[in-house]
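Across the two complexes that follow, subunit A remains constant while its partner is subunit B and subsequently subunit C.
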Partner chain A sequence: MSAALGRYLPLLLLALTWEAVARLGLVSSLALPALSDVAAAWWQLLASGELLTNGAASLYRAGAGLALAISIGGAVGILMAWWRPLLVVAGPLVELLYPMPKSALIPVTALWLGFGDGSKILLIFLGCMLPVTIGAFNGARGTDQALLWSARSMGAGRLGTLWDVVVPSALPEILNGIRSAIALSFVLLVSAELIVARDGLGYMIGFLGAGGVYDAMFAVVLTVALLGFAADRCYRRAMNRVLLWRL
Partner chain B sequence: MATLIGRSLAGASLIVVLLVAWQGLALSGRVTPFMLPPLTAVLERIARDAASGELALQLGATLYRALAGFAVASVGGVALGLLVARFAALRWFFDPIISVGFPMPKIAFLPIVVLWLGFHDASKIAMVIVDAIFPVLTATIAGAQAVPRELLWSAKSMGASDRQAWREIVLPAALPELLTGLQVALPIALIVCIVAEMMTGGVGLGGAMIKAMRFADSRGVFAAIVEIALVGYVLVKLMGAARRRLLIWHPEAQR
Partner chain C sequence: MTGAAQITIAGVSHVYRPPRGRAVLALDAVSLTIQRREFVALLGPSGCGKSTLLYLIGGFLPVEQGAISVDGRPVSGPGRDRGITFQNFALFPWKTVRANVHYGLEKLGLPRAERQRRAQALIDTVGLAGFEDSYPAQLSGGMKQRCAIARMLAHEPDILLMDEPFGALDAQTRGLMQEELLGLWQRTPKTVIFVTHDVQEAVYLAQRVVVLSARPGQVKAIVETGFDRSDPGLLKSKPFVDKVDEIWHLVRAEAIKAQQGRRESSAS
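Showing the complex of A and B:
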């Protein structure tokens, strides 16, 4: 406990500086509401249920988009390593699309599917698929040949080796790809909700900011930032547990 | 070599097939031109914007913001990273900030940055810096800390000053990782810049795109997508070429 406190002391210092700067009136409260006011606003948003309903809308979009990205992206990546013709056709496409700033898809998905859930789910799916695909591809391609040969010689079928040998040995890289996908999904979600949405945490930020309710806006911004951080931490912990067998 | 050419031919032909499929689908009448305008119409639009100077204006604004932010994030990230790797007190201070800040979706801070710095270039560049500096910073710290101690000791024993040792030994030894950090940061800079432009509107590819969307001008939206995809591709390729040039002495170049 005290070790954790010592480690995160700098963050505490920053928070105290924030509070002091705002309380002493060094900057306008419009530019920087005091941290305690932000906390009070956060509590109010939570009590009124606004934070929960909008948060649920956001998490649903991120979760659905990520689930699609992980299942389809992972399958494509493994098949690319497994079946050469797919690599020949899909490889250059992945290379071409990978550096594309995915936020450019925000207006198109809105044109296609409107301002609701569908456009965000499609955006997150399209934007987060490639990191998973590339991770799965690199992982599956790096499968130890000796393991494959042993599995085959012991009578495993083609599909059996794919499932029992290739997928587990690609797992670390797949999981790493998913980790970047999670981070990316938050970025895409918040951007899309800030720009085109009628609900969700990103929409709340824009709405509160436009209305000049800055302490509440800061509260939602911090909520989103902390959610992103917490998601990454939980995921990393789960990932390490899943990979325990790998020594 | 032959397989390399064969592979890029296969890749190019797939892209051609996709573009033809786009055109065919758009003309088949199965989708409205609003959902998917024909490729030729989109290219025509790009050509028209290029001829009128509109494209250069938008592209210039976006590239200026993204690259200015990227430059500051690179120089600042490397300098701060080296200092953090060198001084334990700085490491104590920045370590929790980096480990909390890196995985955060920093784009959520955009409305605050706009509140502070206004709707013009400054807020966009600041947002790019905030987002792009983290990969540079972490890569620099990791690279500098992984430098073999023996190298530093030898340099010191041969009379190198602290500063010389850091410039002549640590910086080159950390260069591969540092460049990886820059390679991660560059697309982030472009993404963040475009999102910031979309949110605040005005000049720039992102602003032009969101304006086209609001006016239901889907040709404009698709033209902007093609332009942005090309810009991203070219920037990433240039960065890769720069890496090969800078690391020509490194074993990785021989592979």
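Showing the complex of A and C:
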């Protein structure tokens, strides 16, 4: 308990400084509302249900987009390592798209699917797929040949080794790719909702900011930051559990 | 040598084509016949193609020139009749000892109770009782190879292909594992093809030692060994030491050739 306290002490100090700076009038309350006001605004947003409905909309989009990115991206990466023709076709495409700033897709997906959930899910799927694909591809390509041969000698077919050997061999790299994808999904989601949406946490930030309700805006910004942090912590914990065998 | 020929290797050549660089003739017209339940060692300097020959018998590499048949059928791929172990153990790192040993039994489609019984018996035999739930990363090298041997034996292959199985172990563990492998083989005889570059190991374990030449690998000599391994003084007895010496000279000549070959190719 005291270890956790020590670890987050800098954050606590930052919060106190924030409050002090705002209360003492060192910065304009328009630029930085006091933390206590932000907390009060947060409580109101929660009580009114706005935070929950918009948060649920955002999480649904992120979750659906990530689920697609992980399942399809992982499968494509493994098959690229497994089946040469796919590598020949998809390899250059992946190389081309990987360094592209995925936020450039925001207007494209909005054009295709409008302002609703669909365009955000497609955006997150497209934007988050490549880290998973590349992780799966590298992991699968690094599969130890002796493991494949051992499995074959014990009666696994060629296709059987894909599931029995290649996928578990690639798993550590796939899980790392998913971690990048989760972080990326928050970036893309909030950006897209800021620009083209009628609900969601990103939309709230933009809407409250435009309306000059800065304490509430800060409350939503902090919520997004905390959600991202919590998602990463939970994910890392789950990942370590799955990879227990690596020690 | 009694018993029928089980494995026939006739005029097998193999070209190794690395992803980069030029193709190398690894094996050149190798012919060899191995009897059922015979313990044969393939011995030669590193890079002579002894492992390649093993992989060809296992069906892991395609036979492009010549023919290999096992029990009268040409080898066309890996099969349950031929188990394999590797120098680096090749255990599934994400599976526990128990799950590793279970793998071949699951592939056989055995019912759970039968799998449990057979796996546990093997785990006990190789001395890994108490480590069933350990992951390979938690085991020492010797324990990993015990696990790999148990896994190979689980689905009861007729032929055991062993690729320098004790090469990564320290001297003490290695000696112990040699004795245990011999004990295992004497209790339930199987055909064993054992790849090694350790002359003493080959002479101690095998009934016949096949000496391969430097690359391209050819059969340089086949030496009958077959000592009485129950004799505790065997390793120091004169006939044994002489035999090791005789084979050691054969291998040494090849190792020197291999080194010269390497020097020439790096000079060119």
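Basically, the second predicted complex is superposed on the first by the 247 of 247 C-alpha atoms of A that agree within 3 Å, B and C clash if a C-alpha of one lies under 4 Å from a C-alpha of the other, contacts with A are read in each partner's own complex, and residues count from 1 in each chain.
The definition used in the following text is that contacts are C-beta pairs under 8 Å (C-beta built on N, C-alpha and C of every residue); 3 or more make two chains touch, one makes a residue touch a chain.
Remember, predicted model here, so these are calculated numbers, not experimental data.
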With both complexes superposed on chain A, which partner does A:Pro168 reach: first (subunit B), second (subunit C), both or neither?
second
Between subunit B (first) and subunit C (second), which does A:Trp245 come into contact with in this model arrangement: first, second, both, or neither?
second
Which partner, subunit B or subunit C, touches the larger number of subunit A residues?
B
First (subunit B), second (subunit C), both or neither touched by A:Gly77
neither
Using the superposition on chain A described above, determine whether A:Ser103 touches subunit B (first), subunit C (second), both, or neither.
first
I'd like to know which partner A:Val89 touches here: subunit B for first, subunit C for second, both or neither.
first
Between subunit B (first) and subunit C (second), which does A:Trp149 come into contact with in this model arrangement: first, second, both, or neither?
second
Have a look at where A:Gly65 lands relative to subunit B and subunit C in the superposition and call it first, second, both or neither.
neither
Subunit B versus subunit C as contact partner of A:Val221, first or second or both or neither
first
Under the contact rule defined above, give the subunit A residues that sit at the interface with subunit B and also at the interface with subunit C.
none
Interfacial residue positions of subunit A with respect to subunit B in the complex
7-11, 14, 30-31, 88-93, 95-108, 110-112, 183, 186-187, 189-191, 194-196, 201-202, 205-206, 209, 214, 217-218, 221, 224-226, 228-229, 231-233
Can you name the residues of subunit A that touch subunit C in the complex?
144, 146-147, 149-156, 160, 164-165, 168, 171, 244-247
Going by the contact rule set out above, which residues of subunit C touch subunit A in the complex?
55, 58, 60, 77-80, 82-84, 86, 88, 90, 92-95, 103-104, 107-108, 135-138, 151-152, 154-155, 157
Where on subunit B does subunit A make contact in their complex?
7-8, 10-12, 14-15, 18, 34-35, 92-97, 100, 103-112, 114-116, 187, 190-191, 194-195, 198-199, 206, 209-210, 212-213, 216, 218, 221-222, 224-225, 228-229, 232-233, 235-236
